[in-house]
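A, B and C are the chain letters, set down in written order, and residue numbers restart from 1 in every chain.
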Amino acid sequence: MDIQDPHFWRAGAVSTTAVMLVVLTFLTIDSLAVTRAGSKRVPDYDVINRQIGYVYDWSRGFDVPVIGADEPLFDRLYTPAQASALVSRGKLVIQSRACMDCHTFFGNGAYYAPDLTKSWLDPAWSQIWMPMTGSTTRAEAMVEFLMHPDRYPTWSRRMPDLQLTRTEAEAAVAYLKWMCAVDTNGFPAHFGRSAIAE
Amino acid sequence: MYRSQKLALRYFAAAITLFGVMTAAGLLSALYYLEPTLLYNVFDFQMAKILHINTLVIWLLMGFIGAVYWFLPKELGREVEGIALAEVLFWVFCAAVAVVAAVFVFVQYGGSNQFSMWFINQGRKYVEAPRWAALGIVVVVLTFVYNVTMTAWRARRMTGILWVLILDLIPLTVLYLDAFPQITNMSQDLYWWWWLVHMWVEATWEVLIGCLMAWSLMELMGTSRRIVEAWLYIEVMLVLGTGILGLGHHYFWIGTPSYWLGIGGFFSALEPLPLLGMVVHAVYDAGTHRMQTSNRPAFYWVLAEAFGNFIGAGIWGFMMTLPQINLYSHGTQWTVSHGHFAFWGAYGCGVIAIVYLVLQQTRGATAFDSRAWKWSFALLNLGILGMVGGLLVSGITQAFYGVAQGGATLQAFVVASENHWFQSGMYARFAFGVLFALGYLALAYDLLSIGRRARVAAPAQVSAA
Amino acid sequence: MHADLFATALLLGLFVAAGGAYGILFAAAMLRGSAALRRGASACYALQLLLAFTVCAASPLALPWKLFLAASAAAYGCIPPMIWRLLEAMHGHGGAGKHTRPS
């Protein structure tokens, strides 16, 4: 073993890289399989027809999404195909308006505006925006806000008006509802509750 | 001078110009935190941020490409193959960047349709550029790969550095294909997105800058090829050995299985170790040359690269990489602090060092020194230190009050953002950002002027004291 | 409990910083043959060990991570001397300080 010989280190570089890439390949195949829509970790898009909660799981040590009874979105239950189309449209809305450049999704994006992973469950919708917009449901409040954010100021930092149509706003809301049902290993931690007393 | 070296100079000019645009967009982005009503509904935060992070990627890429065009003909003793096409594509690249920027400024976003994806804004961080521009980047990069590989082929010669570079360019190019898809499933979208972002900045770019530093050290310090190549292989082994599975530190919370918490945390926590090796190496090189060199700015920027990489990526990264901590730091300004420091240390300093190295040779200056480079070095590095310090204070405040205490709701976000520590951090970030911008102006002035008044002579070899 | 996590994060940053300081001072000590720098390097490594011990003893991190941190501390101790010996061997001289450059 001649440590002065570059070929020795070249062999080390090649073999290390190869081993890591092989391991990554196997992990990727598994990760993609368990994160396809309809898997245990990532629900199918028609979860938007159901109630979604976020409850502490003692066996895992963190909060996990809980899918409950039927809860129509915009007063209707979507077929799987309709739900898929709506949620797909929602993702296109989020990309076309570059939401990720102010907000975070699963904590990824920009940090000027709040994380949207559990936005569907945020108490602010029922506490602040339902009364402010005169809506009777959280979903309606979210749609009204997204269509006219300049009418409903949050605080000193305000969301700009991104010219969302009603269809687009509904699609974005559906996307946020689907997203909050994904099992994210407990992120965000104890949503809506303080950890300091724990 | 070879044609590709003249092309390299054009790439450097474009890179440094975009560095200025990036700085201006960054200052504007920072200002929104202090003046939230600024340009409301006219030009909002997300567009300033898009300009900031896209020019970041492009200026560094242009710096890398320029550096390869500079070193390649010297490495192989011949003009670069396909250089005419590369020269044309440079202007096409610049024009495309200008058009994309203009659309970001004046159009900003479109409807939720494929037209927006193709021509306006794709809305995925770092790769917001519309698909037509992403295609353009693919063409430029493929041409670049062609230039490098065909030149080596025609020269019937390969060196260790070239082997590493060419093998690195393959995944670097292929990974960019993630700039195109539009995937509904956010978990899988982010899975592949991180292949592009992480495997660029924490893998293929690390190897690429390693190749460039190898060439640079041979010229700056006269280090032998055998030594730089051995060191390059060691670096590849350690950086990819930790960085490939260190990718997992982006897979803690996106819906992927929990085994990533262990795998990602473990390999990510190992990532500072190769950087420690680079710091020891930098001290060795500096000390054995007793800090003497005919190109002081390049030498100091190379040292800044080694130290900045270790501190920004190593120390700052290690603070937040273990999953139990990351659960709170994730998605806060803490990440921003780390990101700014790591990009600067790992890549910004390196590209600047190479530009100074090249300028000494093009201006034929024996003693290559000035006052302005010292000012820019001090202001840029002081600026970045202050910025990341301010962001760290804001980030920890946000993680504590917003997430740990507040439970990560909208109200918690507001409370954390209104906290006086958070605000102080943001003011400090802006103030030091202004210092950084002044440092940029000094840098630009110095790059235009340094060595121009020196007597024309062949570049001196560095001599050991 | 969660305030401890934030303190742990800062301690971990200091841990790596101390390791870096150890590496720098070690290399400087070898270059100059300075006993004072050598002592400084040892002090930095001792600080790093102390930080690791503090985190292991008092932080809320899970046990596997504490074990990993302890192993890391050992690795940080080995890396600067190993890298130094490697550099000396590559550059073709066995002692500290002097450097000649074959082209």
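Just so it is clear, contacts are C-beta pairs under 8 Å (C-beta built on N, C-alpha and C of every residue); 3 or more make two chains touch, one makes a residue touch a chain.
Remember, predicted model here, so these are calculated numbers, not experimental data.
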Most central chain, Cα average position: B
Two chains joined by the most C-beta pairs in contact, as defined above: A-B
Distance from chain B to chain A - Cα centre to Cα centre, in angstrom: 28
CA centroid of chain A to CA centroid of chain C, Å: 40
Residues of chain B engaged with two or more neighbouring chains: 226, 230, 234, 328, 404
In chain C, residues with contacts to at least two other chains: 2-3, 86, 90
Multi-chain contact sites of chain A, meaning residues that touch two or more partners: 4, 195-196
In the complex, chain A residues that touch chain C: 3-4, 195-196, 198
Parts of chain C lying in touch with chain A, wherever the complex brings them together: 1-3, 86, 89-90, 92
Touch list for chain B against partner chain C, complex: 221-224, 226-227, 230-231, 234, 262, 265-266, 269-270, 272-273, 276-277, 279-281, 283-284, 287-289, 310-311, 314-316, 318-320, 322, 324-325, 328-329, 396, 399-400, 404, 464
Touch list for chain A against partner chain B, complex: 4-6, 8-10, 12-13, 16-17, 20-21, 23-24, 27-28, 30-32, 34-37, 41-42, 45, 84, 87-89, 91-102, 104-115, 118-119, 122-124, 150, 154-158, 160-162, 168, 171, 179, 182-196
Chain B residues touching chain A - in the complex, by the definition given at the top: 32-33, 36-37, 40-41, 44-47, 49-50, 109-113, 116-117, 120-125, 128, 160, 164, 182-191, 193, 226, 229-230, 233-234, 236-237, 240-241, 244-245, 247-248, 250-261, 263, 327-328, 330-333, 335-336, 398, 403-411, 413-414, 417-418
